[in-house]
C-alpha cells in the first residue's frame, strides 16, 4: 500500500477512535463540570458496557444485530443504575468532597474490576459485530461497522448537545455548573441533578464500551486505557470546558490513531503524555480551562 | 498541630523501634521476611506522606519514583558494577531527580489536574520501561545476581541474602527515614507545608514562595520513594516493571490513608495492616484487590482520619 | 518621602475597565484611606499594589525600586503586607501556630534557620504579637474557635508580625461591633507610628477619625485627594458618592 493510502487508513482509524474517545471523555467532563468531582472509576463503566454487551450476546444467542441493539439500551441503563447507587451510597455521604471522591472512586475501580474478574473471568472474549460489510475504497476495504460506530457517536454527541441546550434537565445542569448555590436558591433540585449527571456520565461511557467491543474484545482490564485517554483529553481541553473536551478528543484521538498505525501504540501514549506536559507548561489550565493563572 | 508539646515526642517512636528490633528474634521466618518488606515499603509510605500528608499534594504517580530507585539501583549494580552502597545512593538520587523534573511541570497545576498529570507521567514512565525492553527486561524483570549482593568492609564480606542482615538494614533505613520525616514536620519548613495545604493564598501573602515549597516537598517525597525502591531492589534482588504500574501509585496513598495522613506512625501502621489484609484476602480469592477497593471506600466513608488518626482523636478527646 | 508610587496603572477584565491610568502616591508614615462607591476600583487598585493581580498597564515603584514584575510573595518579603477583605487565616491551626508562620519567615535564613528555630523563643514572640492585639489569652486555642472579630484581630497580629513597611487593610471594620471598631481605631493609630497604613473603608466615621489623607475613587480613576475636611466639603465627591 502506498504511503498516501496508509495515511488515509490511519486517518480513518484515528477518526473512529476519536469519536469513541469523545463520547467517553464527554461523560467524564460532564461529571466534573457540573459536580466538580473526578470519577476515577469512569473507565470501569466503559468496561462494564462492553462486558454487558458480551453477556447480552451470549444470552440472545446467534443474533448479533438484536444483541447489539439490546446492549445499546441495557448497557447504559444498568451502568446508569450503578452510578446512581454509587452517588447515593457514597458521594452524597461525603458531600461530594473532591479528595474523598477521588479516593472512593479509586476503591470503586478496584471493586468493579475485580467483581467482573470473579464473575466473568480473566479471558478476553469476542463479541460479533452486528453486521459485516466492507466499504470498498480504491486502495483497501474498510470495516463498515467502524464507520457506523463513528456515526452513532456523532449522533450521541449531537444528542447531548441538544439535551444540554434545549431540555430542562440540560438547563438545570448548566445552571448548577455555573453557580451551584444560586441554582439551589432558584429551586433547582441540585441533588437530583447530580444523580442524573453521574448516571449520564456513566451511561455515555457504557455506550462507548458497547460500540467498541466488536472491534476490540471484552476484557476485565479494558477500562484502563480509556480512562487514561479521557484524562489526557480533559486536561488538554481544560477542566470544565465541554468545547475543549471535544476539540482535544479529536486532536488526540486522530493523532493517537495515526501514530499507532505507523509506530506502536506504546509510543503514541508516551507522546501524548509529552504533549500534555507541553500544553501545561504554556497553559496550566489547558486550552479552554476555566481558571486563568 | 498545636504548639508546645508536653512530654517527650520521642517516646512513642522509641517504643516502636525497640519492638521492631526485638521482634526479629521471635518472628517465624515467613513473618520475618514480611516485616522486612513492610519496613521497606513503609519508607515509601513515609515519602508519600511528605507530599500528601504534609503538603496536601494528592499524587497518583509515585510509582515512577519508586521505580526510578528500583531500576537505578538494580541496573547500576547489575550492569554497571556499582557496589551495593553506591547503587543504593544512586537509586535514591534517581528518585530525587525524577521528582524534581516532574514537579517542575506537574506543580504548575493543582488539585484534580495535578492528580491526572502525575498519573500520566507515571504511566509514561511505565511504558518507557516496557518500550526499552532490551535494556530493562520489560515486564518479566530481572533478578540481581547473587555474587554482587554483598557488603564489603575491608576483609569482611556480608551477604545480603542473610535474612538477619536484611531485616536490620531495613529497620535501620526505616528508623532514619522516620526520624527525618518527623524532623521535617516539626521544622519551620514543615509548618509552611502544613499551612499551605490548608490555605495556599494566605501562605503566599505571608511572603513564602509556595511553588518552591511544594517542589521541595515533592522532591523529598520522590527521594524517599526512590530510596525505598533502591532498598527493595538490592535486598530482594528483583527488578520488574510491575512496580512502575499504577497499582504501586495507589498503594502508598492507601497505606497513608489507612494509617492516618500526616501522622508520624501512620505510614508504618497502614503499610503493615494492608500487607496482612491482602495476605488474608489472597487465601480466600485470587481477586484480592477487591479488598483494596473495599478498604478505600470504607476509609472515605467511615474512617477519614485513618487508624492512627481516629485512635488519637478518641485518646485525646480533641480534634487533631 | 515617597514610599509607593504608581504610574498609569490600569487593569481591565475582559471589556470592563476596572482601573484607569491611576497615578497614586503614598508618603512614608501616613495613614491613607481610599474610599469610593462600589465598583470604583479600590480593591483592584490595592490588589495590584500587593501583587495579587497583574496590571494591564502601568508601573509601580516601592521605595525607589520598580516592583511591577514582582510576585505577591516577593512583595510581602519587601514589606508590603495585605490583609484580606474576608478574613483568611488557618482555621485548623492554633493562634500560636498562625502567628508563628508569620514570625518565623524573617528568621528562616540559611539552611539552619529553615531546619530548626528555637520553639521557646518563638512562643515568646507569638505571645507578644498576640498581646499587641489583645489575644494573648487565646494562644493555644484553635483559630476556628474565635469569633469573627477576633479572627480579624488574629490576622492583623499576623500581618504585624511580618514587620510591614506598608500595611494594606481591605475593609477592616466590616463585621465588627461598635466597641470592636473603636478598639480597631486605637490599634491602627498605634500601628501607624511604625508603619504606613493604606485603608479601604466604607465606614465614614472610621475614615474621618483615622485618615490623614483621603483618596476618593470613582469609576476606576481618582476623583479627589486631600485632607478629610477638604474631601468632606468637596461637592463632586458628594455627588459621586452619596454614602454616609
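Going by the order they are written in, the chains are A, B and C; count residues from 1 in each one.
Keep in mind that, in the parts below, a residue touches a chain if its C-beta (ideal position, glycine included) is under 8 Å from a C-beta of that chain, and two chains touch if they have at least 3 such contacts.
None of these values were measured; they are calculated from a predicted model.
*Asks:* Which chain is most central here if centres come from C-alpha coordinates alone?
*Replies:* B
*Asks:* If you count the C-beta pairs in contact for each pair of chains, which pair comes out on top?
*Replies:* Going pair by pair, the biggest contact count turns up for A-B.
*Asks:* Please work out the Cα centroid separation of subunit A and subunit B, and write it as a whole number of Å.
*Replies:* It comes to 33 Å between the two C-alpha centres.
*Asks:* Roughly how far is subunit B from subunit C, going centre to centre by Cα mean, in whole Å?
*Replies:* Inter-chain centre distance comes to 43 Å.
*Asks:* How many angstrom lie between the CA centroids of subunit A and subunit C, rounded to a whole number?
*Replies:* Spacing between the chain centres: roughly 49 Å.
*Asks:* Counting only residues that touch at least 2 other chains, which ones in subunit A make the list?
*Replies:* Where subunit A is concerned, no single residue meets two or more other chains.
*Asks:* What positions in subunit C touch 2 or more of the other chains?
*Replies:* In subunit C, no residue touches two or more other chains.
*Asks:* Which residues of subunit A touch subunit B once you look at their complex with the stated criterion?
*Replies:* Spelled out, the residues of subunit A in touch with subunit B are 32, 38, 90, 93-94, 98-100, 102-104, 106-115, 117-118, 224, 228, 231-232, 234-235, 239, 264, 266-267, 269-270, 273-274, 276-277, 280-281, 284-286.
*Asks:* Under the stated contact criterion, what part of subunit B meets subunit C in this complex?
*Replies:* Against subunit C, subunit B makes touches at 1-4, 183, 187-189, 191-192, 194-195, 198-199, 201-210, 319.
*Asks:* For the complex, which residues does subunit C have touching subunit B?
*Replies:* The contact residues of subunit C facing subunit B are 50, 52, 71-74, 76-77, 81-82, 84, 88-94, 96-97, 100-102, 104-105, 107-108, 113-117, 119, 123, 126, 139-140, 142, 158, 162.
*Asks:* Quick one: in the complex, what on subunit B touches subunit A?
*Replies:* So the residues of subunit B in touch with subunit A come to 58, 105-106, 108-109, 111-113, 115-117, 119-121, 123-124, 127-128, 130-131, 246, 250, 253, 257, 285, 287, 289-290, 292-297, 299-301, 304.
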